[in-house]
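These notes open a run of structures that come right after.
You will see subunit A twice below: alongside subunit B first, and alongside subunit C after that.
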Partner chain A sequence: MKLKFALLGLALIHVLVLGAGFLAPYDPAEQNRDFPFAPPMALHLVDTQGHFHLRPFAYAQIYHPESSAAVPYEIDRSRMIPVHFFVKLAAEGGMGQSGEWRLFGVAPPHRLFLLGTDDFGRDQFSRLLYGGRVSLFAGLLATALSLALGLVLGGLAGFYASLPDHLIMGASELFMALPWIYLLFAVRAFLPLHLGAQESFFLLVGLIGLTGWARPSRLVRGVVLSARHRDYVLAARGFGASDFYLLRRHILPEALGVLLTQAALLIPQYILAEVTLSFLGLGVSEPAPSWGNMLADMQKLYVLESYWWMFAAGVALIPVFLLYHLLADALQQSP
Partner chain B sequence: MLSRPPALGAQSEDLLVTTGEAGRVGGRLVASWHSEPKTANPAIALDVVSKELITLLDADLIHINLATQRTEPALAKSWAVSDGGRRYVLELRQGLRFSDGQPFDADDVVFSFNLYLDPKVDSPQRDLLMVGGKPIKVLKLGPYRVEFDFAQPYAAAERIFDGVAILPRHLLEQDYENGKINQAWAISSAPGSIAGLGPFRLKQYVPGQQVVLERNPNYWKVDAARHRLPYLDEIVFLIVPTEDAEVIRFEAGDLDLLEKVGADNYALLEREGGAHGYRLFNLGPGMEYDFLFFNLNDLSAKHLPEIVRKQEWFRRREFRQAVSLAIDREAIVRLVYRGNATPIWTQVTPGNKMWVDEAIPHPARSLEKALELLRLGGFTRRADGTLTDSQGAPVEFSILTNPSNAQRSKMATLIQRDLSQLGMRVNLVSMEFQALMARAFDSYDYEATLLGLVSGDADPNPEINVWTSTGGTHVWALAEVHPLPPWQTELDSLMQSQTALLDFAARKAAYDRVQQIVAEEDPVICLVSPNVLAATKAGLEGLEPSVMRNYLLWNADRLYWR
Partner chain C sequence: MNSDPAEKFSQDDALLRVRGLCKAYARRGNWAWSHSRVESLRGVDLEIPAGESLALIGASGSGKSSLARCLACLEKPDCGEIWFAGRKLALEDVSANPRGRPKIQMVFQDPGLSLNPRLTATEIVTEPLLITGWGAGADRAERAAELLKLVGLGADAGGRLPSQFSGGQRRRLSIARALAAEPILLILDEALAGLDLATQAQIANLLLDLQAERGLTYLWILHDLRLVARLASRVAVMDEGRIVETAPTAQLLRDPQSPPGRLLKESILTTPLWIS
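And now, the complex of A and B:
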């Protein structure tokens, strides 16, 4: 039950961010310089006269740049902006290609900001979806990398014992003792300047994944060490099975359960690692969004005090973490 | 509890009587610094915090009044100019004493200047005290009379004495002779071992926390009512590392003033200020400006082939002009500075009223004109909009920014978007400020960078460092460039010749030409000049805020609590 719920929830979130190219109404890099820090716009079905509309609509917002109010926007209830479904995006360069289909949108020059905008007038809702791609998949890919490395190295260490074991476990102890965040800082400082958003994403994934192999490898080693002397392994060896066959067929499958639980624990950790690095300005670079660099704006006092919708990425992290922990819990209970 | 003002000294003291309303004696002022001052030694101070400390501890011979931007007597009560502007004879005030009670005379002046001019000391003042490539000659004519000889007439004239702190010979001579002057007067030295002629003296230094200054009882200024200045008993500087933390502590009442605050936090204070009675100062455009520049250093194609390839573009005037035309300066003013900035197209900011050239054109943003220029420069656009050079390579470069400067990071994001509309692909690289400076100033391993500069004085002379090809702040090409572009040769000769022009109109014409060249050639693409914004608690009087550093505390000797 728990397992199903967690898997379903996670699947839903991942589908949402994967579908950003269709679900997000705008290109995440598109700046609307006349709407900085616009508050979220509510969708309505009933207008001021009490009439019901089948088509949802929002009210236009008027920006008063001269006002000293924290949020210098006023809702204009006389101007309704109807929401259209299945619209073609008229983007001007950037990530989205013009002519792409989008789930919903409003007719220009109006804009629909479901989660408000940031300081450049970029739609927070679109950025949240596109940014989720980066953050969530950085976690997934880095975990896959860590586990693959852990499986191979832990398998070798456990199976051959003696020298390989000493070497690999020694290295893993070194890696576990490393203050990884400083290591990442140092590595980032030596990188070439010409990294685009994609290169920096894969680099980030590589760095996070490579530094994290130690713990899974130790777990795998433990499992392999105990499985190595099981009767069926000895029997198979007696029939002339090769090392590779033994590992693949009999020993490593034993580690599967441990690895799955480990994955459910590592993914949120690595998502957080990406968020932390991007928060500190070392992750994917502007204008590509990630949940970390979206939260980086919260470092500023005036944003923190005045624009609550800028917390969106932080709020989005909560269900993701809860679901992953639920998953880890469920995986541990069901053998 | 307010004590009576300290009694005046002997009548022989040549005190400076200030005009203006008399204040109230006593009280302490709490201000803040982002970092600790590195030293109290004027001969080695480079960072702004140390320099600000030194302006409070020490005094100069002739001082620039930051409210009027003109010179006025300080330790020298009068001076005579002769020999066509080459000789200055300064009459010193008599009977003054350093903050440790020891007397001041011409020997201290000669000692100080010789120390700053000594190549072995390598003080930052040395460059400024060279006129026509030769050091100033300093001669003692009497116990209170000193002669200064320049190798050639010097246009900025007596401004040269501003900020040259006069040191106590009795305390520093031994260190100087032992070659240990650079170790003297560290901020952690015993407060008693540091003495100066400024309004305050060091009382206490707590590492990482605060620096406390107390009134110098021997200060040489009195107010109209003959009360000895300064009015304040103490000034405390808390070390508060970020502006946000400063604002929070100001709002909590821990700090009495914010010497300089960003536009976003200023808006925050504006909203909340009414209830708390803050006094907010919007002083208009200052001397600071933000600019974008490309790497035009001569580089070895072996070490940095990628950058050398891109310099083909950067060296084209049309390319730089197109970038300048495509940048939406109005958006920077609005989104980065909330309207509290002025767009600029050359290096002299509107805050510098005397020297700004009003005739510099302010071309509006125009993508069409920018594209036309790029076409003339041999660039073409592909069907998908990507800009390519004559070899067909896409135009892509990176801009370095430091995330610790929120304004410039934001500016970079706007510029990235602006230039993408020309088909240029701009990558933003954020790195720590020291790493950025190392690339821009040492390894030249960068393509473009956003930086800010502050003119230290309204006068163009200190700007020689920025605009002449051999200058230490000639940011876009610090390495030697062969051959120099013709406009750079003209900049060099203009900056050199203006130092010797004594006629203001002729000098202004020369510096106007410098501004025109910068605007036309765009060696640096000047973007905006932010307003100087500051705030104090209610009740602090005597303020004459200046757009130049130290914005609120430059006349700390006259500040008082109502």
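And now, the complex of A and C:
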């Protein structure tokens, strides 16, 4: 029950994020300089006269640049912007090509900002979806890297014991004793600061994954250490099985359950690592969005004070975290 | 190494001859310098002619299982000689000789521990074939089905996990696995322990039939002297890492010469079920 709920929830979030190219109405890098920090626009079905419309609509927002208010926008209830479904994207975007189909959109002179905009007038809703791709998959990839390393190193340490065990476990203790976030800072600081979006993404994934191998490798080692003396392993040895065969067939499958639970715990931790580094400007670089660099705007006091919708990426992290921890819990209970 | 053992040694030679085999285990204490040695085998001499059933009896801790493991190449003896089918075998374990000694196979004491709970019966029986590179995938599956049938497991047994078998069926499964390697000498380490009498009799009969059919040589490790009387033609008594007495079964059960042998015989007489 728990397991199903967690898996369904996570699948839904990942599908939303993967479908950004269709679900997001705008390109994440597309700027609207005449709409800085526009508040979220609500969708309505009933107009001011009380008439019901089958097609949802939003009211136009008027920007007053000379106003001294924190949010210098006024809702113009006389101008309704109807929302159209399955529209072709206009030809202005940078990343999105013209002629791409989108789930919904509004006729071009108007703009629809479901979650408001940032200081460049970029649509937060689109950035949230595109950024989720970066943040969630950074977590997944880094976890895969950590677990692969943990499986290999922990397997070696547990299976061969003696010297490899001492060396690998000594190194893992060192890695666990170091506070990993500072370790990441230190390593990241040695590397070039300005990188392309893709390079910085893979660099980040590599760094996070490589620094996190210690815990999974210790867990795998424990399982392997107890599994390698079982009679069926001895029996297979008696038939002339190679070490590789024993590990693959008999020993490592036992570590699988532990690794699954570990994955469910590591993924949110690594998502947070990506968010933290990007928040501090060491991660995925602008203009590519990630949940971390979307939150980076909150470092400015006036943003924090006035523009609550800039929290969107932080709010999006909450269900992701809860679902992953629910998954870990469920996996632990049903081995 | 011992691919074709029948050609080389003459009929009067023993299939297996062991001379002065010894094995000690190091036991680590709480400190690096405080480790002790447990001498498990202290010079074992043993001969098993081809086709014979030898029973190894003795109290717990007398070294029976250590001997079995050294013979099956699962552990490396410290000194001594092992001759098998007319050839002297190197003293080694599988880490030095990854091919192991497929012609000497062992049926392990507890099938609960010696069968991987994640593998199906077919996968378990196929394992020796897979490791030794016997045949193609389809041949192996066919051979596994034959072996399962040979040990009396039904046609539907192949897809089941060890946990879905009864204790007796699991013994049959481990016997099938050992037979897959086509051994000449089969070491049966407590292969009948922990079973009810009917199942015990069925499996004992199965093993006797297999022996008659395939000309196998058996080294039984047994506790129950009623079974010794039925199954073995000769008995070796082990005590504190040595073989203290070897005699034909009837003679040993009637008149044991060594103190440990007498102790074992006394233990029979107190068993009310014993019928001589």
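Here is the rule we use: the second predicted complex is superposed on the first by the 330 of 335 C-alpha atoms of A that agree within 3 Å, B and C clash if a C-alpha of one lies under 4 Å from a C-alpha of the other, contacts with A are read in each partner's own complex, and residues count from 1 in each chain.
By definition in this document, contacts are C-beta pairs under 8 Å (C-beta built on N, C-alpha and C of every residue); 3 or more make two chains touch, one makes a residue touch a chain.
Quick caveat: nothing in here was measured; it's all calculated off a predicted structure.
On the superposed subunit A, the two partners subunit B and subunit C both fit, without a clash.
In the superposition on chain A, A:111 makes contact with neither subunit B nor subunit C.
By the document's definition of touching, of the two partners only subunit C reaches A:240; subunit B does not.
Looking at the shared chain after the overlay, A:127 reaches neither subunit B nor subunit C. When both complexes are overlaid on chain A, the residue A:218 reaches neither subunit B nor subunit C.
Counted by residues of subunit A touched, the larger count belongs to B, out of subunit B and subunit C. Of the two partner chains, subunit C is the only one touched by A:230; subunit B is not. Legend: residue contacts after superposition of the two complexes on their common chain; A:253 is shown touching subunit C, with no touch to subunit B.
In the superposed model, A:102 makes contact with neither subunit B nor subunit C.
For the three-chain overlay built from the shared chain A, the minimum Cα spacing from subunit B to subunit C equals 51 Å. No residue of subunit A lies in contact with both subunit B in one complex and subunit C in the other. Of all the residues in subunit C, the ones that touch subunit A in their complex are 72-74, 94, 98-102, 105-106, 108-110, 113-116, 118-119, 127-128, 131-132, 177, 181.
Residue ranges on subunit A touching subunit B, taken from their complex, read 29, 31, 33, 36, 65, 68-70, 92-94, 119-121, 189, 193-196, 280-281, 285-287, 296, 299-302, 305-306.
Residues 230-232, 234-242, 245, 249-250, 253-254 of subunit A are the ones that touch subunit C when the two sit in their complex.
Subunit B makes touch with subunit A in their complex at residues 244, 247-248, 264-265, 267-268, 270-271, 306, 328, 331, 334-335, 339, 385, 396, 398, 400, 403, 406, 410, 412-414, 416-417, 420-421, 425, 427-432, 435, 445-447.
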